[in-house]
Amino acid sequence: MLDHYIRAKRAEKDILLMTHIVLGYPTMDKSLQIVRAMVEAGVDLMELQIPFSEPIADGPVILAANQRSLEQGATVAECMEQAKQAVSGHTIPFLFMSYYNILYKYGLDRFAADAGDAGITGTIVPDVPPEEGEEYLQAMDTRNLSPIFIYAPTTSDERMRYIAQYARGFVYCVARKGVTGEATAFSRELDEYLARCRAATDLPLALGFGVKNQADVDFLKGKVDIAVIGSETIRVIDEQGVGAVGDYIRGLAA
Amino acid sequence: MLDHYIRAKRAEKDILLMTHIVLGYPTMDKSLQIVRAMVEAGVDLMELQIPFSEPIADGPVILAANQRSLEQGATVAECMEQAKQAVSGHTIPFLFMSYYNILYKYGLDRFAADAGDAGITGTIVPDVPPEEGEEYLQAMDTRNLSPIFIYAPTTSDERMRYIAQYARGFVYCVARKGVTGEATAFSRELDEYLARCRAATDLPLALGFGVKNQADVDFLKGKVDIAVIGSETIRVIDEQGVGAVGDYIRGLAA
Amino acid sequence: MAKPGYYGPYGGAFLPEILVATFDDFREAFASAKADPSFWQDYLDLMSTYSCRPTPLTHAENLTKHFGGAQIYIKREDLNHTGAHKANNVMGQGLLVKRMGKTRVIAETGAGQHGVATATMAAKFGFECTIYMGEVDVLRQRPNVFWMERLGATVIPVTEGTRILKDAINEAFRDWVRNMDSTHYVMGTACGPHPFPEMVTWFQSIIGLETRKQCLERVGKLPDRVFACVGGGSNAMGIFSGFLDDGDVELVGVEAGGHGVDSGEHAARLASPDASVGVAQGYKTYFLQDQDGQMRETHSVAAGLDYVGVSPILSHLRETGRVRFSAATDKEVVEALELTIKKEGLIPALESAHGFVQAFKEAPDMSPDQVIVINQSGRGDKDIFTVADAFGDPKWEKFIKDKAEEYHA
Amino acid sequence: MAKPGYYGPYGGAFLPEILVATFDDFREAFASAKADPSFWQDYLDLMSTYSCRPTPLTHAENLTKHFGGAQIYIKREDLNHTGAHKANNVMGQGLLVKRMGKTRVIAETGAGQHGVATATMAAKFGFECTIYMGEVDVLRQRPNVFWMERLGATVIPVTEGTRILKDAINEAFRDWVRNMDSTHYVMGTACGPHPFPEMVTWFQSIIGLETRKQCLERVGKLPDRVFACVGGGSNAMGIFSGFLDDGDVELVGVEAGGHGVDSGEHAARLASPDASVGVAQGYKTYFLQDQDGQMRETHSVAAGLDYVGVSPILSHLRETGRVRFSAATDKEVVEALELTIKKEGLIPALESAHGFVQAFKEAPDMSPDQVIVINQSGRGDKDIFTVADAFGDPKWEKFIKDKAEEYHA
């Protein structure tokens, strides 16, 4: 299972890297290229976002990538297909990230089945809290996919424990208030929050939102198991092209 | 007195003509020229309108003449002066026509005095009904000026008799509803109305509003003492120039 | 009052003879309506089911705090149907027209408010409707013209005279003398020949009656001062009517100071030495006129106050000292408007904002247990074209330019 | 209802974790306010002193005669302060924000009505205010933007997505997840995550409660049918709330049929087969979406109905059969608007006119002792730019062109 993979990997490394891409951005072909470059550069997990027209929890960078991908005609079926290709030949776990409506309209069971068939390991769906997740959890469970849940600095200790009951694989800790792609202060306050997260669950922890460079990643060592790089890779691609991704990732993990 | 003049003149003629001009229209000089032409053409009485900015009872033709005159800077003092010149050397009676505010602001007594000095015989002020005319009547009376009052088709027999008490010189019968310068049907209905006017007062009657040509004037013979030509002379001037006025008037009286 | 229709030396009915009979009928119909309690009841019913009466009295807590003096209350005539107190008068006259059996109404309009109100009333009552509007105003107030036309009214641009409100009044009279059998002239303010000032004041007194009652209920006492803008004087007479007999209630009318009462460009008849007594448009009052009695051009940022005459009743009430008058300049008006919007979320009409100016000047010197009522005679969103210009909003200008481009395409 | 916040299978609170705590507080604050009779009393006091509640119920006698069937009554939400029912919701939320001790409000707006209402409330309560508005709407609805800015609000044009209402909602959520400590998101309709649909409905129920009472008092019986337009569903839920338990009262919601429900260019979620159940913007309901769950572009002449989702409560009420749905096309709407203006002197908002369309279709087949109520959710003068275009008024075009010339000079 996913948490076993993480724990095993962590025995080798101080911290793992999870990166994020939007399927179909800048194009379907290029997003596959990016996946390959990232895996080769040594990332430990990958988040493949299926674009949605209303990505409410995403900031401008990922939002724009969602839109671009949809404008070019990306469909969920195609994303499923591309995901299969992305996964094949790589040994790291791949997760789907999307919004609930994408799964819901596809059919939760069918989604879980197809995702499983594609080799996907789990799903991150930021707009399904456990309270609303009954069907979702059941579908994931049936196909042995890990539903990744989220902690936020505003989540109480009690609620962290509540969420932990439904979480599988790892818990995704959001570093701060706000949406993806904004600056995060890697501070003592963050430490305290992560300590709370740690106390609430035995699962590995990932931290995302605002992780950008080696210093950020270093700060997180010993505090979480996974550093998540989201918007920043898209910025690198936007500014320096797909070819720059490998070097960027290697720079983080150095 | 004015009514004696009218009765005397009527002994000679089936019907008298009263014409109207706006002082200062088209210019002060030309309005004097027009007066001269009219008198020479044989009119029996003349109405000199002192322009007012709100000539509520006048239609578009006379309204425009009022405005033009004021735009060129006509003042009441100047009108008074021009009236004096107009009167001098002519033997027919001249009346001032204006709205009450002109007299009121000038000072009613002063107005009557200056008008009397200028040789003016009477005044037509359409927006002073007898009920509102106490000061006005007194001022006119003091200077022996005839306040001309108006009958309208909507005036009841009773009210005609009431007005007759205050009227001097003659009564100005308005031919129809509406303002100056519109067409009037010279009809049996008009006959009946004029019969009512006749029954209400011993004063001579003038009829105005819409009298335009010889046929109209002929129709009025035996019914009223004076035919009043108002807007139509201004139309003639506007269309054919000041020189055409004499011929036009002669055509009416033929 | 010695003579009927007179208020001291002001008022009267300086009518062309052709209209005398019409006014006899009109006076009689009005007198009988006024004497008939069921008429006023019908009026109240209409206003509470078709418009939104009683309109609220809003405690302006933020403005009160801002000025740190008297408690400021605002009477909300802006919430009337069609957005101003004009509705009161117009609906009342509508009932009277029905009672008189006439089938057509005409009206003058300056800002267009009274025109829209009259056209609305005509639609509701099924009357034919013609609105006279100075050509200059037709151009300035196109949105109101648009709605009048949608309401089924014929809007006639008046090209005579100075092509503004007073000329529209003259044209309306010219229509009336032609069509008085079928037609009633719905005068928009407490001016004109008797019984217009009395009648319009009567219908508008609904404002004052409500305000008095609301004050007693809400504040437990009468207001110390009542402020209202004064164009023709109808909203002012409306609210003042509730307090005329309450000697301790100070009544303050605020006229259009335009570019300043010393500038010659204003419409202050009772608050400047520039006006004098005269007779025009059928009644005697203070007019902004020259020595000869020719009416002068007036100026105000608020089209509805941009008028040469003023209610004869107010001329009289100034003389008796019962009502005090002041003027507010265009600049002060825009500032008071801005402040009121920001502090209270209320958008008074530019006209109404004149009353706010004077109230804001006096409030700080009063004590917190004193009470001020300002009559918000109308809402200001109708003024967007003027207000946007007053604020010089570049985004608004761009919007209009783009819209024009669209139409050119 | 098994789960709180659910209406049959619709509703819920599909929240990003970061907002869960905020919603816990919000839900609690709302529940305590709802349980506290003094809160509702404060709300009634505010609405009767700051807005004009109760709003009248107008008997549309001319329309009734015109159609020769049911008695047509119109509930006059257009007479609210700021010109629409939006004020009810916004003022209620203002009181709640005060109770929660927050100091800043944000809101989305499409037509600008809800934005103006929120900015007004913020001015009145002294809150900071940011309004999110799709860039397309900012351009279309400049007058409302102008007033929001005057009211002290910051208007942020949303350049993401399709740059209309739904995108403004997304942006508002993005603001909220940053600033939830100080900030309340004032949702404008009965949509969004629980407790928004319930809360907005509760505040808007003031419409239905009044209407029910007014009907009984004035007509002596309940209405036979009640019509309301449906954008997000707040005005409809508001008036329907008064009659949900009165089984004999038929409730009819009218959606935006745009160019026709078969044209693909409309915003009919419950009255067309084009919508399907989905989850977006935090709640589950019918959305106009493609097979993949991507939201589609919608179209309506009425900006306030131009939305992909619909209140989950209405989705449920359709399913239970309690509310019947239909759609009105743009063309029908403009015709109904024109007729209503001419016949009654009322100018419904383009949104509201949708309800009129369906009522007019059904009234002739009903008997004169039956009673229809239409909810006139807002006034249409805000729509002048759209309505003038719909009527293709050349004089309006000329006015705008001339105004643009002035600005170019």
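Per-chain numbering from 1; labels A, B, C and D assigned in written order.
We adopt the following convention: a contact is a pair of C-beta atoms (placed from the backbone, for glycine too) under 8 Å apart; a residue touches a chain by one contact, two chains touch by 3 or more.
Just so it is clear, the model here is predicted, and its values are computed rather than measured.
Asker: Which other chains touch subunit A while also touching subunit B?
Answerer: For subunit A paired with subunit B, there are no chains in contact with each.
Asker: Just grab the chain with the largest centre-to-centre distance to subunit A, centres being mean Cα coordinates.
Answerer: B
Asker: Between subunit B and subunit C, what distance separates the C-alpha centroids? Give it in angstrom.
Answerer: 37
Asker: Just the number, please: Cα centre separation of subunit B and subunit D in whole Å.
Answerer: Measuring from centre to centre gives 66 Å for this pair.
Asker: Connecting every touching chain pair, does the picture come out as line, ring, star, complete or other?
Answerer: Looks like a simple chain-to-chain line, open at both ends.
Asker: Which chains touch which?
Answerer: A-D, B-C, C-D
Asker: For subunit C, which residues are in contact with subunit B within the complex?
Answerer: 12-22, 160-161, 166, 170, 173-174, 177-180, 276-282, 287, 289, 291-295
Asker: Please name which positions on subunit B make contact with subunit C in the complex.
Answerer: Contacts found on subunit B: 52-57, 59-60, 63-64, 67, 70, 75-76, 99-102, 104-106, 126-129, 131-132, 149-156, 159, 163, 174, 177-179, 182.
Asker: Considering the complex alone, what residue numbers of subunit C touch subunit D?
Answerer: Within the complex, subunit C contacts subunit D at residues 48-52, 55-59, 62, 76, 79-81, 83, 119-124, 126, 139, 142-143, 145-147, 149-152, 218, 338, 341-347, 381-382, 384-385, 387-388, 391, 393, 395-397, 399-405, 407-408.
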